[in-house]
Amino acid sequence: MSDSSSFRYRITRVIRKIIAIIVFVVTWQILVSNNVMSPLMFGNLPSPVEVGETFIVVLQKQVYYYHILASFGRILAGSLAALPLAVFLGLIIGLSRVTEDLLLSIFDMLRPIPQISWIPVAILIFPSVEGSIIFITFLGAFFPILVNTIAGVANVNPSLIIAAKSMNATKLQLLRYVYLPGIIPNIFTGFTIGIGVSWMSVIAAEMISGKYGIGYYTWTSYTLMAYSETIIGMITIGAMGTVCFELIKIIEKSLLKWREEIGG
Amino acid sequence: MSDSSSFRYRITRVIRKIIAIIVFVVTWQILVSNNVMSPLMFGNLPSPVEVGETFIVVLQKQVYYYHILASFGRILAGSLAALPLAVFLGLIIGLSRVTEDLLLSIFDMLRPIPQISWIPVAILIFPSVEGSIIFITFLGAFFPILVNTIAGVANVNPSLIIAAKSMNATKLQLLRYVYLPGIIPNIFTGFTIGIGVSWMSVIAAEMISGKYGIGYYTWTSYTLMAYSETIIGMITIGAMGTVCFELIKIIEKSLLKWREEIGG
Amino acid sequence: MAILVHDVRKSFHLQKDREIIALNDVSLGVEDQEFVCLLGPSGCGKSTLLKIIAGLEQASSGWVEIDGQKITAPSSDRAIVFQDYALFPWRTVVENVQFGLDLRKVPAKEARKKALEYLSLVNLCNFANVYPHQLSGGMKQRVAIARALVLEPKILLLDEPFGALDAFTRMQLQFELTSICKKNSPTVIFVTHDIDEAIYLGDRVVIMTPNPGKVNAIVNVQLPKPRNRTDYDFNKIRDRVFREFSLVTETSLEYVI
Amino acid sequence: MAILVHDVRKSFHLQKDREIIALNDVSLGVEDQEFVCLLGPSGCGKSTLLKIIAGLEQASSGWVEIDGQKITAPSSDRAIVFQDYALFPWRTVVENVQFGLDLRKVPAKEARKKALEYLSLVNLCNFANVYPHQLSGGMKQRVAIARALVLEPKILLLDEPFGALDAFTRMQLQFELTSICKKNSPTVIFVTHDIDEAIYLGDRVVIMTPNPGKVNAIVNVQLPKPRNRTDYDFNKIRDRVFREFSLVTETSLEYVI
Amino acid sequence: GCSGKNQSSTTGSAVETPKSQKEIVKIGIGYQAPTAQTWGALIIKNKKLYEKYLQEKYPDKVFEIEWFNSPSGPPLTNNMIAGKLQLALMGDMPILINGEQGQTSRNYKSVFLAFDGKGVGGKNQAILTPKGSNIKMEDLKGKTISTILGSSAHRMLLVALDKYGLTNEVTIVNQDVTVGMSNIEQNKIFAHATWEPYPSLIQTKGIGDVLLDGSETNVDYLDGVVADRIWVENNQEYAVAFLKALIESHKFIRENPEEAARIFQEESQYPLDVTKKIVQNVRFDAAIYSKDITTLAGSRDFLKKLEKLKSIDLNKFVDDQYLKAAFKELGYKYPTDAELKGDWIPLK
């Protein structure tokens, strides 16, 4: 443990991770090439080699990048729209019992409804297809941010609030100087989870896209029974989710210097 | 605040919540009956009265309860299968760097992939449709439990571990007497979230069901443009998710007496 | 500024209609520029009393007067230092000290200058741009004290400010507090568990008892400051306080168990 | 059992290749049934030394002998009480006390009986079936002590066991500990910050200094137990320990700041 | 051009652009790549035929056509109700549901304009079985068959089962085509009934066999064009222009089957071997024959029986005036009333 941060140790860890992924892919290849059908019918899957070959072809097509860009734009739009709204609502819900009772009961009612089942409603009420799609990605991001903001407000150290009050802070000053900085870590947590859920909902959302989007690509590949492409779509979505996740982590780290070592 | 637990105050809160929901429904009704089309096209939605009337009809049909039961069974099967597996894997990942590097990197890769896009793979590798559906609900529950178990292992109070070691505990005793009881709250948290995600994925999963299931019901209602029924499906899924959530909370409360007031 | 606590009673409602009497008709006068130590076992209402004087809690009955004025809310005359420091983790040391000035809308430059001044008073100039989590407990406590002092309060309320420190850091801070008080001459109410500390610092030591919280005895400490702990008179007063205490301890034994 | 600490050195690697020397060639002999208090400022390596003696940490060099045997791992001869109690929140009070016996596979009934016995020794019989979170700090500490005592260890290692308690509860527990030790006669190493406490309890007081941690002085306390804090001899010894301390405080001032 | 619906500001409406001073008109059109009978749309899209005819008539306007690919019919109707699509190509059952919505919704009226792909006697549908299962219709007794409930394939399946006297002998479950196909591929289901391009696809891929060709049932399978009626009435020329493009696309498919198959392949991503079969097996013909209306009426009754539809007045829904106008403007001959009453006439 004492050398947990040494260079050699870190290399060892990276190597272990690479080994893990190689073992995973090789196992998959073996299962497919030996046409294993029991207990599970792995033989039906496309092999990693097939997927890899298709991937190389796909990577050379411009349209693949359009798909990614389209989804990226939608998720960005949806989650960036969700951010201020969810934070605002989270604050007013967290700060007062009355708004909590009035608003939270409605959100609690809406929260467990699957994104995919919002499709019909989204199409009906939004004047544009793009609007409907962004609404669904918005929903994905909205609830995690809301829930985390509310939790954040509840967890703001009460000593800090009393301390600020003892120095004669007004309500607005409390909000600005204590609550808002205090919940920023929670907002980040919520946003990280939210953007993840947003990516998870991208297929549901883009089923109705009609043109571009990596979710659209994955689903149409499926209707074409092009399984290699479907798996490529899955991998791409997974990778994009991870990329967003890591990006936010980096931003968070640079913004929340004061937390650097507490969290570590 | 001092009277926050008085009977009158609790009544006031319940009344406020009821008012909130009434306001929500009435607003919806007004938006629809006045055929409001801008900025959003609320006029296109079925009105709550229509939905309510349809609901009354639906509630009298036996098949509605079959749908619910079928989904319930699948989610139970999926999440109960996920529970021991995720806890076991979470433990061995949490307890050793080597297994963490080997296993977690693979799970981290698979985790951000949307459930819905597992449909093709699920169909390919499972010999029965029911198996594929349960697999998807399983995935919904698996990752939250896994992630929470790992976090739980990391958060087991190190003093307790040292304390047990100071009393000469073997590795197995450590697991049984310290880690396992220590992570039970996390397992519950994971399971609560997991079963929620499982319900969220029920539409994706049951798209392929072919006969029963509330997700299937919702989706087929949509394909028939029966919006009232679609909304009933949404409400039902939301309600079922909430019911499961509350049920687990109750079980948790009665099992974790020692946490009763810490958490409060 | 002189403080007059007049028949203050404070009760809390707990769940299931249980009521706790934290303070039972407490009366206490503190003179201008006096240093009073509140001493008493856990739960005797010391913090509650301090919060009422600060204006952060309302008394159930009775009132607190400051220079003859009844108080109802916090004021910039009074500053309180909490036992748990209550530093803002997202603000650097100097920004923490500045906090009260920011609330008062003092221009940023001026506020910073003043904050640095008070930081140097507690020997923390070199740590101005560090975050609280990078400080040791004693350093944090000094930041909290600087944050109170920078407001130049007429009344300083300190709630077990050295409670979590080891004997050595504690003694050093006690010494520093004495010199600061010499310079600024505020009226001070200082809550502590530690008998030696109370005698070392206080002009008077007020001994409280729990269940319900009330003032049990008041001991005058008429020794010149800074005091010497190994001094004969110091030990004599300690013996007296100990005796008062034994009584307290006996009556509160059932509480301790 | 007698303990011999022989030239123990312990260093920790921190990030970026920084090394901290927690203990620098510490040697110390403790006789059978002796009660030794370790006194020293924060960070001087008291806890580290205790953990090495408990077998929970390995010395970087040097070794610890118990009755002439080098130790390498925890053993049932030694029991340690941690400053933070380390009670299992999911076990009731009696189940906590039973813990070590459960590990030793003592039959449940017998274990429970013994646990209750030791609970009554610390006056907690009435709280046997309560969870730790329902206890006050002092009660928790007594459970932790009972959990150690029930194992009937030959060596009892206590790490600032009364650190977080108020003066009153503390004094009561000090008294109880003295009587328990009279009865069971273990060898005790007791870590504390508090000078009075060390003098009240110890047969010898070992004063340590930080940066790097080492033994600075040892003071013998040859007074009959239970001791009287207001006693003349007690105060004389306190003065001596204070003087040793002032030196420590001066040398460690830069550390404190 | 004026917009049909005041609420749809982004699609189907005119916006003045100060730069070019040209009016921009946006029109949304839905189609389904997974339904080969709507592939007339693919030619129009690929060769920009609609733009061509619109431009011909309105050189001063700029037309932006939004093509919307949907995995199935319902999202198209959904989007039409919401005013996002003005035109959509879909199968007969979704067409009927769309028509019903148009006659019951407050904000939405619809009109049936023309047919696209037609399957002679249901030739473009089939009951499929796993490769080499070698079963006959009679073997289906007591087995489970999947199809999309309420689709024309379902209707075809029921008629076929009836013909073999198996109506009450088999279990029918609902399954999306893709799921059904996977199940056929993996021998998990006994049979699945569906439409083109899937029968051709599984044969080409060699993963399944055709147990029964829909032509045995002699029920036509029809896909067509529905439109937002208010939009059409306000923009008659746009509707006619679309139909002209449709007619030209059909002509193109007949005259350049190779090229058409290539375009199908490019637009739909299905293999060329599959699209070649589609060109041969599907009759791309816009004309509205009486027998086609009868087929629709049969489908309507079928859906009513399944309680998936309440009522629809086909006479009000179907309107051939725009189609006739399109034929006329192109200088082609639309079948005479007498011809329309009879059987389909061969296409030139």
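When the chains are written out, they are named A, B, C, D and E in that same order, and each has its own residue count from 1.
Rule of thumb we're sticking to: contacts are C-beta pairs under 8 Å (C-beta built on N, C-alpha and C of every residue); 3 or more make two chains touch, one makes a residue touch a chain.
Please read all numbers here as calculations on a predicted model, not as lab measurements.
K.L.:
Moving only to chains each one touches, count the minimum steps from chain D until you reach chain E.
P.N.:
So the least number of steps between the two chains is 2.
K.L.:
Of all chains present, which has the mean Cα position farthest from that of chain C?
P.N.:
Centroid comparison gives E as the farthest chain from chain C.
K.L.:
Can you work out the whole-Å distance between the CA centroids of chain B and chain D?
P.N.:
Whole-Å distance between the two chain centres: 48.
K.L.:
Using mean CA coordinates as chain centres, what's the chain B-chain E distance in Å?
P.N.:
39
K.L.:
Please compute the C-alpha centroid of chain C, do the same for chain D, then give the distance between them in whole Å.
P.N.:
Chain centres of chain C and chain D, defined by C-alpha means, are spaced 31 Å apart.
K.L.:
Chain A: which residues touch two or more other chains?
P.N.:
41, 44, 119-120, 124-127, 222
K.L.:
Two or more other chains in contact with one residue: find those residues in chain E.
P.N.:
7, 78, 81-83, 178, 182, 186
K.L.:
Quick check on the complex: what are the chain C residues that touch chain A?
P.N.:
Going through chain C, the ones touching chain A are 51, 54-56, 74-76, 78-80, 82, 84, 86, 88-92, 99-100, 102-104, 131-134, 151.
K.L.:
Would you pull the chain A residues touching chain B in the complex into a rising list?
P.N.:
13, 16-17, 19-21, 23-24, 40-42, 44-45, 97-98, 101-103, 105-106, 108-121, 124-127, 196, 199-204, 215, 218, 222, 227, 230-231, 233-235, 237-239, 241-242, 245
K.L.:
Can you check the complex and tell me which residues of chain A touch chain C?
P.N.:
Its residues touching chain C are 157, 159-160, 162-170, 173, 177-178, 181-182, 184, 256-259, 261-262.
K.L.:
Which residues, counting only chain B, touch chain E once they are in their complex?
P.N.:
Residue list for chain B touching chain E: 35, 37-38, 41, 43-44, 119-120, 123-124, 127-129, 207-211, 216, 220, 222-225.
K.L.:
Tell me, which parts of chain C touch chain D in their complex?
P.N.:
Residues 41-42, 123, 136-139, 166-169, 171-172, 193-196, 229-230, 235, 238-239, 242, 245, 248-249, 252-253, 256-257.
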